[in-house]
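Down below are the structures I want you to see.
Below are two complexes that have chain A in common, paired first with chain B and then with chain C.
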Partner chain A sequence: MPGRIDGQDIAIWRGASGQVHAWGDRCPHRGMRLSHGFVRGETLACIYHGWQYDADGGCDHIPAHPNLVPPKTICATTYSCAESDDVIWVALRPTDEKCPSLAGLRGVRSLTIDAAAEQVASHFGQAVNAILRLGTADNITLALQPMDADHCTAHALSDARADRTDVSRWLEHQRRVIEGQPA
Partner chain B sequence: MILYDYVLSASCYKVRLMAALLGVRLEVKAVNFHPARDHKSAEMLRLNPQGTLPVLVDGDLVLTQSANMLRHLARQNAPQWLGEASGQIDPWLDFAGELNASLGMARLHDVLGFDADIVQVRRDGIRQLRKMEAHLAEQRFAGMGFLAGVAPTIADIACFPNTALAPDGGVSLDPYPSIRLWMRAIRSVPGFVEMPGIHRLHELAPAPERSR
Partner chain C sequence: MTPEVANHWYPVGMCSGIHGAQATQLLGQSITLGKTGGQFWVRDAGGKALPVIERFGHLWTSPGQPNRDLFTIPEAETPGRRLVDCGSVRVKCSPLRAVENFLDIAHFPFVHTDILGAEPHTEVERYDVDIREEVDEVWATKVKFFQPQAAKSAEGGITTEYMYRVPAPTCAVLYKTCPPRPGEWDVITLFVQPLTEELCEVWPWMALYDDDTPMADLVSFQQMIFMQDRSILENQIPRKLPLDPGMEVPTQADLTSIAYRRWLKRTGYTYGAQVVAA
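The block that comes next holds the complex of A and B.
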């Protein structure tokens, strides 16, 4: 699936084993978006000419030249990526940081908002941070993904017992307010 | 049954897709919509004075609205595709018409050079996609993967083509994870067929042998 972090386009995919990967969203061949590709086992295949990349990003098969062992230099850009408490975290630069704990919460849905992450944080009276705990009765918590100067994605979680439909509708309402749209 | 068809039309594809999923064979007559504008020819206007495609002819019955064609195909062949209550289906058939006027028109503007208020039709399309995204998220919370239940209906087939083709009209589907899951579910239904711009799920087919 596609994602955008600080202006970088990312392809996030899950191998058959469950392992998640985050790569630059450009095929080294002709630049097709890898997020349009498809997964077989532990490889990601580009939708355009079918070049296949294994879990470490190296190209290991070119269908148009089936007998060629692709040179080691053909490589997708890889980022470190981890999954924890219903959230997939991606680091554009190497880091020792642990994923924030969101234990006890359950993922609700991800909403893209036409506003910068800073604006979303300040709407909820907080400084911009990877995690916003909104202090609602349902413990609604946003993992905030800055996309670019005008967009972010809020990955919303809440208490496992919360009614997710109500949480979802409350978030839709907050988004309308943040974006300045008529209700 | 004869379908007067244009291969790049989202509305024609609805009917081809529905027929394929039901295992119904259509006699497809290709009409040169672009550039020849043969849908406005005297012969086609006699069949459908509105001059639109698709047109479905079944004996003496001539249908000119794709929503009615889906109803007709389902009623005759597999009524479960009509859903449990028309009250859950009909609003989505109307919604599919709105998608055709917004995302569909944006695509005709970008791909075939149609005249349109491109900013407005894209804005309308995005508002509708957000509505569908929220609905599909709520459906998922209730254990349902389709617009009107756990199984696909004509509502899904009506809304699918213009949604899936939105990027051709300059509207990204990146912000809508629930819509993308739903599109995968539709493309997983046995008998699914492609159209230019909408491909099948390659991962469902066995990997070709590697000769190396």
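The block that comes next holds the complex of A and C.
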């Protein structure tokens, strides 16, 4: 699936083993978005010409030349990617930091908002951060994905006992307020 | 607009679809075109009359001073062919990306699955490519590919032989094995009208030996193929075609595309191209 972080287009995919990957959303061959591609086992193949990339991002098969071993130089751009407490985390630059802990919470939904991450954080009276704990009764917590200057996605979690529909409606209401639409 | 770009003929409409006056764009400029008293005309934004040619069922014009006639396709003039106007498809991509995709066969098994190609028949054998200096055209010959359903008239899989010709920067002609008539070539063309550098109107046109398939089926077959191509063309990054090596990695199957890019760069045709690697 496609994603966007700080203006960078990302292809996020899960191999058959369950491992998640985040790559630059562009096949080095003809620039096609890899997020349109298809997963086979632990590989992602581009939908345009079927060029196949292994878990490390290296091209290991070019269908037009099935007997050719692709040069090592052909590779997708890879980013650090980890899955933790229902959330997939991506780092555009190498980092030793651990993903923030969201233990005890359960994912509710992901909501794209037509506003910068800073604006969403300030709406909740907080400085921008990877996670915003909103201090509600249900412990609603947002993992914030800054997409670009005008968009972000809030990945919302809450206590496992919370009613997902209620949380979801509350989030949509907040979104309308943030976007300046009639609530 | 440089003369290298302006001095070409461009398709701006299907003759059968032009009645009164209508507005469109060419190379980022507004133009109007129409038919009055049986005569086609095209005017630029300032009202100046632009030259017109009626050929291959389409109306052609130029904002510059073309130093040669619009190309011809003698093969399409042999008797007994059906000339098929396919209408147009608007695509959010560089006109050059649209042409390059038309010159590519390696995508058939993945984009036109079970129609123009299918796994495991993905291999592209070596073919010949040359830039023919005397006519200033790019040609690819001896292109062969296994196809499950090469044309509306094809039954079952066959190895199809192709020739590709690029007679103008935004036009390409495909000569293809003709199932009902071995020894003859079906002609399928792609005429691209550059609206802007990142938006184009694509006019496919065909001259086929096929007396049986209803016209509507021929058109919808071609439209379906092109809709599949559009899902690719609108998702390539960058939208413009990179002419400098480094940004994209070609392989042997891309010899036609390599020659096309080289030819564009050499002739200074940069409209819709990304010249400096980003």
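Everything below uses one rule, namely that the second predicted complex is superposed on the first by the 182 of 183 C-alpha atoms of A that agree within 3 Å, B and C clash if a C-alpha of one lies under 4 Å from a C-alpha of the other, contacts with A are read in each partner's own complex, and residues count from 1 in each chain.
Keep this in mind: a contact is a pair of C-beta atoms (placed from the backbone, for glycine too) under 8 Å apart; a residue touches a chain by one contact, two chains touch by 3 or more.
Remember, predicted model here, so these are calculated numbers, not experimental data.
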>> Per the contact definition in the header, classify A:104: touching chain B only (first), chain C only (second), both, or neither.
In response: neither
> If you stack the two complexes on chain A, which partner ends up touching A:112: first (chain B), second (chain C), both, or neither?
Replying inline: first
> In the superposed arrangement, which partner chain does A:48 touch: chain B (first), chain C (second), both, or neither?
Replying inline: second
>> In the overlaid three-chain picture, which partner chain does A:29 touch, first (chain B) or second (chain C), both, or neither?
In response: second
>> Just to be sure I read the superposition right, which of the two partners does A:172 touch: chain B = first, chain C = second, or both, or neither?
In response: first
> Which holds for A:66: it touches chain B only (first), chain C only (second), both, or neither?
Replying inline: both
>> Output check: A:135 vs chain B and chain C. Expected answer is one of first, second, both, neither. What do you get?
In response: neither
>> One more residue to check, A:7. First (chain B), second (chain C), both or neither?
In response: neither
> Does chain B (first) or chain C (second) touch A:74, or do both, or does neither?
Replying inline: second
> Do chain B and chain C land on any of the same chain A residues, and which?
Replying inline: 47, 63, 66
> In their shared complex, at which residues does chain A touch chain C?
Replying inline: 9, 25-26, 28-33, 36, 46-50, 62-66, 68, 73-74
> Can you list the chain C residues touching chain A in their complex?
Replying inline: 104, 106-107, 109-111, 119, 122-124, 231-232, 235-238, 242, 247-253
> Touching chain A in the complex: which residues of chain B?
Replying inline: 130, 134, 137-138, 141-142, 174-175, 177-178, 180, 199, 201-203, 207-208, 210-212
>> Applying the document's contact rule, which stretches of chain A touch chain B when the two form their complex?
In response: 1-4, 38-40, 45, 47, 61, 63, 66-67, 69, 108-110, 112, 153, 164-165, 168-169, 172
